[in-house]
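What follows is a pair of complexes built around chain A, which joins chain B in one and chain C in the other.
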Partner chain A sequence: MSDNAPLLSVKNLATTFETARGEVPAVGGVTFDLLADETIGIVGESGSGKTVLARSIMGLQPRTNVRVEGSVQLDGTEIVGASEAELRKIWAVDVAMIFQDPMTSLNPLIRIGKQIDETLRLRLGLNKSDAKKRAIELLDLVGIPSANERYMAYPAQLSGGMRQRVVIAIALACSPKLLLADEPTTGLDVTIQAQILNLLDQLKSDLHMSMVLVTHDLGVVATRTDRIIVMYAGRIVETGTTKEVFAQHRMPYTEALLASTPKVSDASHTRLNAIPGRPPDLLKLAKGCSFAPRCQYATERCHNERPELESSGSPSHLFACWNPLPLPTNRTASSAGSEA
Partner chain B sequence: MAVIKYVARRLVLMVGIIFVISVGAFYLIHLLPGDPATVILGGGDTPQARAALYKQLGLNRGIVIQYFVWLNHVLHGNLGTSFITNESVVSTIKNAFPIDVEMIILSQILAFAFAIPLAMRSAQKPNGRLDKTASAGSFTLLSIPPFIIIVFLVLIVAVKLKIPNTGPASYVSIGQDWVVNLESMVLPAVTLAIGSFVLYYRILRSDLISTLQEEFITLARSKGISRRRIMWRHAFRPSSVALVGTAGVNIGGLIAGGFVVQFLLQIPGLGFTLIDAINLSDYLLVQGIVLVISVSVVLINFLFDFLITIIDPRIARD
Partner chain C sequence: MPDRTKLLEIQNLHVNFKKGGQTVSAVAGITFDVYEGETLGLVGESGCGKSTTGRALMRIVEPTSGSITLGGENLSTMKGRALRKARTKMQMIFQDPISSLNPRRRVRDIVAEPIDCWQSSKGEERTKIVDDLLHKVGIDPQVYGNRFARQFSGGQCQRISIARSLAMRPKMLICDEMVSALDVSIQAQILNLLEDLKAEYGLTLLFIAHDLAVVKNISDRVAVMYLGKLCEIGPADLLYAEPAHPYTKFLLGAALAADPNAARPDDILGGEPPSPLNPPSGCRFRTRCPNATEKCANEEPQMQTFSPGHAVACHYPLVIHSKSA
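Take a look at the complex of A and B:
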């Protein structure tokens, strides 16, 4: 990657599941670029299409009843429409995924060391003893103590945090250019979460990887991403640099998402700010803005016409909203008046 | 060592079950109406024979003592001598049992050789054309009883195709001529294999389908390894616990239930010998065969339970 071409270029990516009840547009036309060494955070509620998006970027959908359209270019290779045989060549080597739930994503009957060196032997062509040596190095790298002995352990003999480290070691085995981390800390204790995130951060810069960090937890992305994509009902509703999204978000959904994160400064027993309503049923998407039914600012237009992503002046900051929130300076001016 | 503890517990349980079986087999003779001596001697009821039998079995002593006398004989490999054929029960069983073993081994090799690859193909594309065909076909086979299957097989293979030594009563022991022996084993092995195949195919297919939905399979896919490797290395073992458990029960059933095939094809295995013994009222032989069959079933179930703990050591832990 010597030129300025993005490592990953996603254009109008749409993933539709064909179910017995009808077509479910889990991802409905997503476009974004990712530069080398960059980390982008994808946030949204459960069911907003984050995981499906991450898997579609990699081409790792279920084999049947799914339709993917649009384009995903990874370092010049088109992923959408590629056969699984073609994808196998880039999986692990160019792009790897860290899975969500370390309790279910490791094979329970294979020693963890064997699960790591499988990739090394089959994809990098290492011989048995070199693969074992490298697998132990990787276990060490992801911070597993006494890696030598743990190489022989079965997943059930490790804690959740340790298992997630193994999952990370598997993803790192072939030093991929792009790492897709799908809720890498959701199943873990809070203290372990921080450890894993710091580890990812450090490995990412040490190994010069780009990363897509998928999470529902805004606290996770706040300090560890360059840019953020906010998703709702399978679409991007706001995107910008991390700073822009946190400090100058315009989309009411982003605000609601930020407001729903509890703060340490809150008094005890403060009621959590839940977003009213539920995420929409993807089978019955309204023609207007999908968030309109839950949005306190929604107008007639929001229910009837879908807003497209538009720039707000800063070329990096886009949002899809008919009634965007005012910028923070105006916000304080209009509400308090005296502080500005 | 959870596995060792588990096996030890199983072993104790098995000894208990075998004890109960031995009491049952022993008591079989006493359950029949009349004096046990009359039952055992049948047509050969002469005063001399009666005196010999009383001495052999200790029939004038209490029943508990009789049991232990009998058990002592059994443990020393002595199941008595038939008063009908004048042959030792042990040697009759020794001639018959290997036939069952051979028949079952051959049938199981056939059943697994077809069931495993076909289940894998089916599970790759559930409800695909191959899966639908194989499922419908296996269901059809399941609904045809073995005694019908065997009649058809005899008609086609032995009568129409005239393949030598495949018809009824063509059994020859391995020692005599192994080629003829194998030929004579084709039909019984195939017949027994069909039932097992259907069972194994259906169980493995559905377990593979659910294993393939697991997250660890998606992770294995993301490593960029071949489908074949995912199937054999990652999906097969976690999917084979129910298969192996079923195989244990099924094989036990074949030992006890192989007599239909043996009777129809006149193969002198245990089942065939048992029918003969019942017809001749040769109750010592019946007792011996019942004991051998029951103990074999228990041993096989124990062996397969043990196999399961090797496949998935987590089972031994709880």
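Take a look at the complex of A and C:
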């Protein structure tokens, strides 16, 4: 870690969709920094705004019926409000994104080699043969066996895991400083998931990238991130180092999320602490804390006044709650219960 | 422990699909029993044949060979009305809760469909049964009973599917990835609900899923499949603590714990499953197995019992339990 200016600085980022039914504040004012070489995990359930947040950082929101406010500074360049021409200059070179579905993020009618070449020729100005050489190197780098032959393959000829490796190769083609990975392993089998996550980890340290890892799966972020952001209903409800969030979380939602996740280390038939209810409708957000209707500790104040993020004592650890959980003094591992 | 009456017996089940003149053996001869009152988890990666097994048991896909016996009745040879009648005792819940329900029908009618089909009750009694079921799955029939299926979220649709599956009081439920499309907080609600209903209605479950933590949570015993074959079957806690099949060990090693102190899986399984069009000779896992020898290529390992209830199909199992030594 360095004490230089952060690579990515997100300030009060708000993304609002204007729909026929009203305005949907999918991301409602998010602020965080990401340092060089750092990996941050963004976790939350569906509809919590994590994907919209990642797409807004990338500048991928459509221009109509969407309002993006606030600021996203990537290495000094402002992304919010940037024109498409400006964005094209930073895409692939400064920031690249991996999407969830490796089946649909590749063009099925174009050979994978050509899809990697495109970025190299367009962004780095390589000629045809250099681009091909580099593309084969990249395929090799992401662990695709017999890269020479696979260069000519169509996406349909590859398995899901292999396609995700191709998507990663495209994202890495111009050695971006920041990689946004949106659910990169969802939909893949566990053994393939482990392969891909290890690959991302290794590439990240080899290429000195920073990474934003967006996922619903706490298992994915537990051992692969430096810091975690927990989102609920479009806002950050807790953020801290990975250890702080798992072991010293103060926000009841974080606790509930951990407690409702089944664990391989627990005996079979361990009763899960399910959270009652379901996430709120973003069209009808209450004025208080969004989690209050499902929270077992909620008081009058929680329903009426929205808590802002405040420090828990450690500068890296923030949470938004009026009735935070007490700081664990002797909690050795997470309350989620790691195996003794 | 569940009592040891066999409710469902599956003998040498094969399911073949024809594909462009070739034959894919999706399920290649599996044999197992499900005991009354237990939950048997069936895990494996995509393409291993776990869903096909579940569908073949319901005869949604036709088994190529093998026998399926439910409570003494041979389902595999039944036809027409007899088969439909027998299916009331074994119901299935599918992965996608929203597409399992007709979006333009009202919740009460969806749940009552099996009752109406069999004319098992009418009028007030029918309404009472339906409302009672909805109440049991956590949907208030007074408020939501007349709403359309399309007005519900995924978790609620899965609750409605469960209510419908229970309408004919089945003995057995086959749950095919029934929580994998749900968020964790909703998933926990449904898993708890299933445990409660299982106790209340005395159900037996075959729980098919890819998520190892979910399967362990709900199951008494777990069976592991790879490329159409069973690798290992045993009590959930024992199988997770001491996997005997190398594939089970890799599968468990790749599962990610939601714990920052957990060890990273460094010993991860390389490669991908071979095509079921052309499965390896002998043991189907041998192409990826670090312990494979010539014997594995020549001779197919058969299921053998180690300790009571724990069987494995491997020539070189990893753990030999003290009991069998």
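Annotations for the structure displayed:
Definition applied: the second predicted complex is superposed on the first by the 319 of 340 C-alpha atoms of A that agree within 3 Å, B and C clash if a C-alpha of one lies under 4 Å from a C-alpha of the other, contacts with A are read in each partner's own complex, and residues count from 1 in each chain.
By definition in this document, contacts are C-beta pairs under 8 Å (C-beta built on N, C-alpha and C of every residue); 3 or more make two chains touch, one makes a residue touch a chain.
Everything numeric in this text was worked out from a predicted model, so none of it was measured.
After alignment on the shared chain A, the placement of chain B and chain C results in a side-by-side fit free of clashes. Legend: residue contacts after superposition of the two complexes on their common chain; A:67 is shown touching neither chain B nor chain C.
After overlaying the two complexes on the shared chain, residue contacts for A:128 are found with neither chain B nor chain C.
By the touch criterion defined above, A:243 reaches chain C but does not reach chain B. Between chain B and chain C, the partner in contact with more residues of chain A is C.
Once chain A of one complex is fitted onto chain A of the other, the partner contacts of A:167 are limited to chain B, with no touch recorded for chain C. Looking at the shared chain after the overlay, A:208 reaches neither chain B nor chain C. In the superposition on chain A, A:118 makes contact with chain B only, not with chain C.
Once the two complexes are overlaid on the shared chain, A:301 sits clear of chain B and of chain C alike. Superposition on chain A places chain B within reach of chain C only down to 9 Å, the least C-alpha distance between them.
Shared contact residues of chain A, touching chain B in one structure and chain C in the other, are absent.
Contacts from chain A toward chain B in the complex involve residues 58, 60, 63-64, 84, 87-93, 96-97, 99-101, 104-110, 118-119, 122-123, 154, 156, 167, 170. Touching chain A in their complex are the following residues of chain C: 45-46, 153, 155, 183-189, 191-192, 195, 210-214, 216-220, 236-237, 240, 250-262, 264-265, 268-270, 272.
Contact residues of chain A toward chain C in the complex are 45-46, 159, 161-162, 189-195, 197-198, 216-220, 222-223, 242-243, 246-247, 256-258, 260-276, 278-279, 333-334, 336, 338.
Across the complex, chain B meets chain A through its residues 125, 214-216, 218-227, 229, 233-234, 237-238, 311-314.
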